[in-house]
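Quick heads-up: structures coming right below.
Okay, so chain A shows up in both of these, paired with chain B first and chain C after.
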Partner chain A sequence: MENRVIKIYHGPQHPGITGNMSLELDLLGETIKGARTHVGYLHRGFEKLVERRTIIQAFTIVCRICVPEPDPNEENFARAIETLAGIEISDRAKYIRTMVLEMARVASLLLWIGGQSGSIGLGTVGQWSLFDRDLILDLFEELTGGRVYHMYIYPGGVRRELPDGFLDKLFELLDYLEDRLPLYDKVFFENATFKKRAIGVGVVNRDEALKNGYVGQVLRGCGIKRDTRRDNPYLVYEDLDFEIPTFNGCDVYARAMVRRGEIRESIKILRQIIEKMPKDGKIMQKIPKHRRFKIPKDDTFVSTESARGEYSYYIAGDGSEKIRRMQVKGASLIHGFTLLEKLLIDEELSNVAMIMNSLGICPPEIER
Partner chain B sequence: MIEKLKQNYEIEEKNQRLFKIRIKQEELITVISSISSTTNFITLSQIACADWIEDEVFTLNYILTTDKRDKNLMVEISIARDNSSIPTLMKLFPQAEVMERDLHEMYGMDFIGNPTLYDFALEDWKEIPPLRREFDTLEYVNSNFEFRKGREDNRDVKVEIKRRRAEAKKRLKDGK
Partner chain C sequence: MDGTMLPEVTAVGVIIKAILILAVISAIAGFGTYIERKVLAFMQRRVGPNHVGPYGLLQLAADGIKLFTKEDIIPQHANRLIFAVAPAITAATAFIALGAVPVFPGFTIPFVDVYVPSIASDVNVGILFVLGMMAAGLYGPLLAGMAQSNKWGILGSARTAIQFLSYEVVTGLSLLAPIMMVGSLSFVDFNNYQSDGTWLVVYQPVAFILFLIAGYAETNRTPFDLLEHEAEIVSGYVTEYSGMRWGMFFIGEYANMITIGIIASVVFLGGYNDWWIFPGWIMILAKIAFSFFFMLWVRAAWPHVRPDQLMWLCWKVLMPLAVINVVITGIVMMAG
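== the complex of A and B ==
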C-alpha cells in the first residue's frame, strides 16, 4: 500500500491535550512529519477588558488568565502596580505571598503529575496526586475563600490575615506530603513504563535553549540552572535557602525529574517560611480608594517563577485610574509554538500528549 | 555590561535589574543585533506594545534578557499607528515569530519578513484589530450579540446601588 501523509487534528476535544488547543499534525503512518499549533478556543480578551476597568476591578480578573496557576498572575499584577505606584509592602505580607506562591507551586506540580501520568495510561497516579492537591486547595479555601481562584495577592499586600492555626495545619500537611513523595517515586518517577516511554523522547537542543527564551523545567531539564526566584529575586526568596534542581538529558524524563525535585524544594521553602514569618506587621498598606487609585505615566516589566517557568507582565500606566496596557507572557507561549512545533517532528503520535505535558503548555495563558 | 551600553545609549535605570533605552524605528535591527552579540542580553523575552492613540503612535518594547536571566533591557521604539510596518526579528530570535503574529492580530501592524501573520487567537476577524484603542468592546458586543432572554428586568448596577443606599438611609432615619 502506498505511503501517504494524512492530516489529523489532535484536540481541542482530546483527552491528551493540555487544555483548549489543537495541533494540526501531518502523519506518515504513526510518525509526525509536520505540526502546527492552533489556539483561540479560550480567548477571553483579558488584556482588552483590563483597559476598561479601574486597577482594582482589573485585579479581580487577572487570576483567570491561567486556570491551573492563578497566583503568579496575581503576584505579577500586584508587584507591577506597586512598582508603578511606589508602594512598598510589609515583610509579613511578603512572607505570606511567598507562602501562597509556593503552596500554589506544589498544587500545580501535583496536578502536573496527574496530567503526565494520565498521558501514558497510569490513571491511578493521577487520582492520588489530585487527592493530595485537593488537600492544598482545602487550605487555600480556608485562607482565601476560593479553592482555585484566590484573588488574595492584592496591590498593597494580601487581602486577609492568616486564620488561627493556619500555619500549624500547613505544617501537618507538609509532613503528610513529604511522606507521600516516596510513593510517587515508586508508582511514577521510577516506574519502568514511564522511564521506557520518556527517556530519549522530546529531546530539546541544549545549545539553543537559552537564546530561544525557553524557561522553567525545559531549561533545567537541560542542566541549565535558571530560576527567576534565584536569578531575579522578588519577595523574600533571597532570605530562603533552597536548591534549583537540574537534570541532564533534555528529554521528557529529565523534565519530570526536575519537577520531582521542585516539589521537595517547595516543601523545604514552606517550612522555612513557617519558621521565619514575622509574627506582627501590616498585611496591607494604605492604598487609595479604587476610583482614586492612579498610576503614573510609566511602564514596567515584572516576572515571577511559576510552576512551569518564568511568567512575565508588562504594564504601562497613563496617569489615570486605568491601566493603559497590560501584556502577559505566560511560561508556555514560546514552548507551545517555537519549541513544540519543532520537537514533534519525527516523534510518534502516541508521544504527543506526553511531550506537551512535559513542556507545561497552558493554552489559556497563550491566548489570554 | 550596563556601563558598556551607557557609552552608546542613554539608559533609563528603572531598578537594579531593569533598564530601558529608546531608539529610532529604523535603528531597530542594528541596535538589537549589536546588543545581543556584544553584551549578555542574548535572548528576547517579550515584545510589548502599547497604543498611545492621543500621540498617534504605538510604542513597542523589545525586552531582552541576559543569559543569567538576572537583568532585563527594554528597547523601546515608537511607530506611527497608521500603516505601521517594521522588520521582523525572526532571524535573530525564532521566538519573535509568535510574538509578532500575536501583535499583528491585535494591533494590525506588519512585521516585514514574518511569513506567519495569519490568525492567532481570533478566527475570521473582520473588524479593526481589537487591541487598538478605538475598538469599542461594548459597542461590538451590543451590535453582534443578542442578550439571553429572561434578563429584560436587568438594572444598571450603579443606579441600583444608589437606590439601595438611599433606601437604607431612609430606613435608618425613620428608625426602622
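== the complex of A and C ==
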C-alpha cells in the first residue's frame, strides 16, 4: 500500500483562488490520505515593511494584503490609527465607509461565486458574476479612481467626496443586482449537480469550530451566529437593520448558502445607507501634522468583518513617526492550514478545489 | 438501383466517400471549436473569438497553423511508440465510425445516371460497428495517459477506465429497445422505419434520454468531462501533449460529437426523411446541428460530476431504467 501512494502538487495556480498556494497531496487512487499546505509564493513582508514607515507610507501598503478585498484592510488600518490618535470621524464619513465596505463585500462575494462555480466546472456562472462584479468596480472607479485598490479609507475619514449622483447610480445598480440574484439561484445554488456534489462534503466539526478559531462563513455554516458587525459593532452598523444568515450542515453547501444570504443582506444594508446618509458633514477630520504624525506610545486591536470572516489588526506605536509593530490576523491562515489539511483527509481529489474555495482562503493574506 | 452500378464504380465511390468524410468532418470538427467558443461566449455574456477575420471566423485557421507549427515534444520517460500512436487511435476510430452512418438520403447524379447511397458502407450491423468503433476510441486516452509517465496522465487514464465501464452498458441497452422495434441493426433500415413521419422518439422517449446521457459520457462532454477537468487533474490524459498530437484528440472528440448527433437523429429523430416541405438533407443537417448545439448548451449550464457519481448514475440509475425499458418494449411487442 505504501508504494501505491502517489504524491502530487495541487497548485500553486488554482481556479477561483486569488493567489498562489500549493497543496501537497498523498493520493491512494483518487482518495487523499494526506494534505500539506505550502505557501511562500507571495511573501512580501508587509508586516515588517510598515515598521519603518509613517502612516501615510503604510497606507499604500496595507490595502495590498488581500488583493480581491482591500477595503477591510484600509478600514482596519484607519480605525487603528484613529483609535491611537483619539480622532473621532464625522457621521457622514462613517456612512461612506460603511457603504464602501458593503460594496466591497458584495463584489468579493460575487468573485467567490465565480470561483466556487469554476471549481466544479460551471464556467457560465463565473462569467456572469464577474460581469456583475465589474459593474461594482465601475462605481468604485468613479468614487475612488481605482478599480481594485481603492486607497479611499484614510485615517481621519475618507479621501474624496462622493461624485454627483453617485447614490442614484448605486441605487440603480442594487436594483439590477437584485434582478440578477434569482438567476444565480436557478443555475448555481439550486443546481441539482452542485447540491449532489456539495452536500455532506467538507464537513467542519461544529465543536472544534469555535475552539480552533474558525471565522466567517465556516462558523455561520455551522449555525453559529458570529459576525463582527453585530458582536462588536463599528462604524454605523448599530443603526442598521440586518440579519446574520446562518445555515446548518457545516458542509460546502451550507457555506455557499450563507454567502448567498449575505449578498442579499449587504444589498439591504446598502439601501438603508443610501436612505440614512447625512447630507453634509466633513468627510475628512484634520489630523495634526499628518505627514509627520507621531503615533502615541500605545497599542490597539481592531477588527472588521470582511467577506471572509473576522479580520483584525494589531497596531502599536512608540511615540515616533514610524509604526512600531503591525500584526494582521485574518481568516485565511487558520482556514488554509489547520482546517483545509484536516478537511481534505479521505476526500476525493475531485473535491479539493471545491472545498478550498468554500473556505474563503486568500493566499496573499496568509503570507502578507 | 444497385443493379445499375458497376463494381468498379462502387469501389471508387467508397474511396471518394471515405476521403470526403475525412475532409468534411475534419473541417466541421475544426469549425465546431469555433462554434463552441462563440455559443459559450454568447451564453456567458462574452464576445468570444473576434480578432482573426470577420467575426473571428479565421480563428480556426490560426489555431490550425499554431497546432501544426508547434514543436513536437515527447517527454523523456514516455513510451514513445504508444505516445505517438494514441492520438491516432482516437482520431482514426472516430472517422472509421463515421464510415457506417448514413448522413444524407441517397441521390442520383444527373446526366451519368448513377445512384449514390450516402453511406460509405452500409454494414448490416451498422449500429454495432459504430458503437464498437467509438468504444475502441477510448483506448486513445487510456494509452495516452499511461504512456506519458505523468501523474496527472495516469489519473486521467484511470478515469477513462471508470468512464468506459460506466456508460458502455447504458449505450448498448438504451439502443436495444429501438433495435427490437425495428428488427435490424442497419441505420438505413432505421431511417426507412420512420419514413411514415412518426419518429421513434415518440415510442421510445426513455431510451432517447438514456442514449443522450450515455452519449455525452461517450464523447467526454460536460457534465461527464472527467478526463480532463482542469480544476482537478490539470489536463488529465493530454497533460504532456502539444501541437497536432493534442489537436488529433480534439478532432476525434468533435468527430465523435457529430457521430452521436447523427446516431441520435437517424435512430430517434426521424433520420433523413422529408418532413413537411423540407427535404431530407436539410432536416438531418438541422437535427445534427441542434444536437451539437444542445451539447454546448449542456456544457454552459451544468457542472461536472464526480467519477464516483458517474458510476453511481450509470450503474444504479440508468442501467436499471434501460433494462426496464427493454422489458416493457418486449412485453408491448409481444402483446401487440
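Basically, the second predicted complex is superposed on the first by the 356 of 368 C-alpha atoms of A that agree within 3 Å, B and C clash if a C-alpha of one lies under 4 Å from a C-alpha of the other, contacts with A are read in each partner's own complex, and residues count from 1 in each chain.
Note that a residue touches a chain if its C-beta (ideal position, glycine included) is under 8 Å from a C-beta of that chain, and two chains touch if they have at least 3 such contacts.
These numbers come from a predicted model, not from an experiment.
Applying the stated contact rule after C-alpha superposition, one finds that A:272 touches neither chain B nor chain C. By the touch criterion defined above, A:20 lies against neither chain B nor chain C after alignment on the C-alpha atoms of chain A.
Contacts of A:120 after superposition: chain C is touched, whereas chain B is not reached. When the shared chain is aligned, chain B comes close enough to touch A:47, but chain C does not. Of the two partner chains, chain C is the only one that A:196 touches; chain B does not reach it. When both complexes are overlaid on chain A, the residue A:57 reaches neither chain B nor chain C. Judged by the touch definition given at the top, the superposed model places A:348 against chain C, while chain B stays out of reach. No residue of chain A contacts both chain B in one complex and chain C in the other. Those residues of chain A whose C-beta lies close enough to touch chain C in the complex are 6, 8, 14-16, 27, 29-30, 117-124, 127-128, 131, 187, 191, 193-194, 196-197, 348-353. Residues 40, 43-46, 151-152, 154-155, 158, 222-223, 225, 229-233, 300-309 of chain C are the ones touching chain A in the complex. On chain B, the positions that touch chain A within their shared complex are 14-15, 17-18, 42-46, 48-52, 59, 61, 63, 65, 67-72, 74, 93-95, 97-99, 106, 119-123, 130-131, 133, 135, 137-138.
On the side of chain A, the complex with chain B involves touching residues 39-40, 43, 45, 47-49, 51-52, 83, 210-213, 226, 228, 231-232, 299-301, 303, 310, 312, 314, 316, 318, 324-325, 327, 329, 333-334, 337-338, 366-368.
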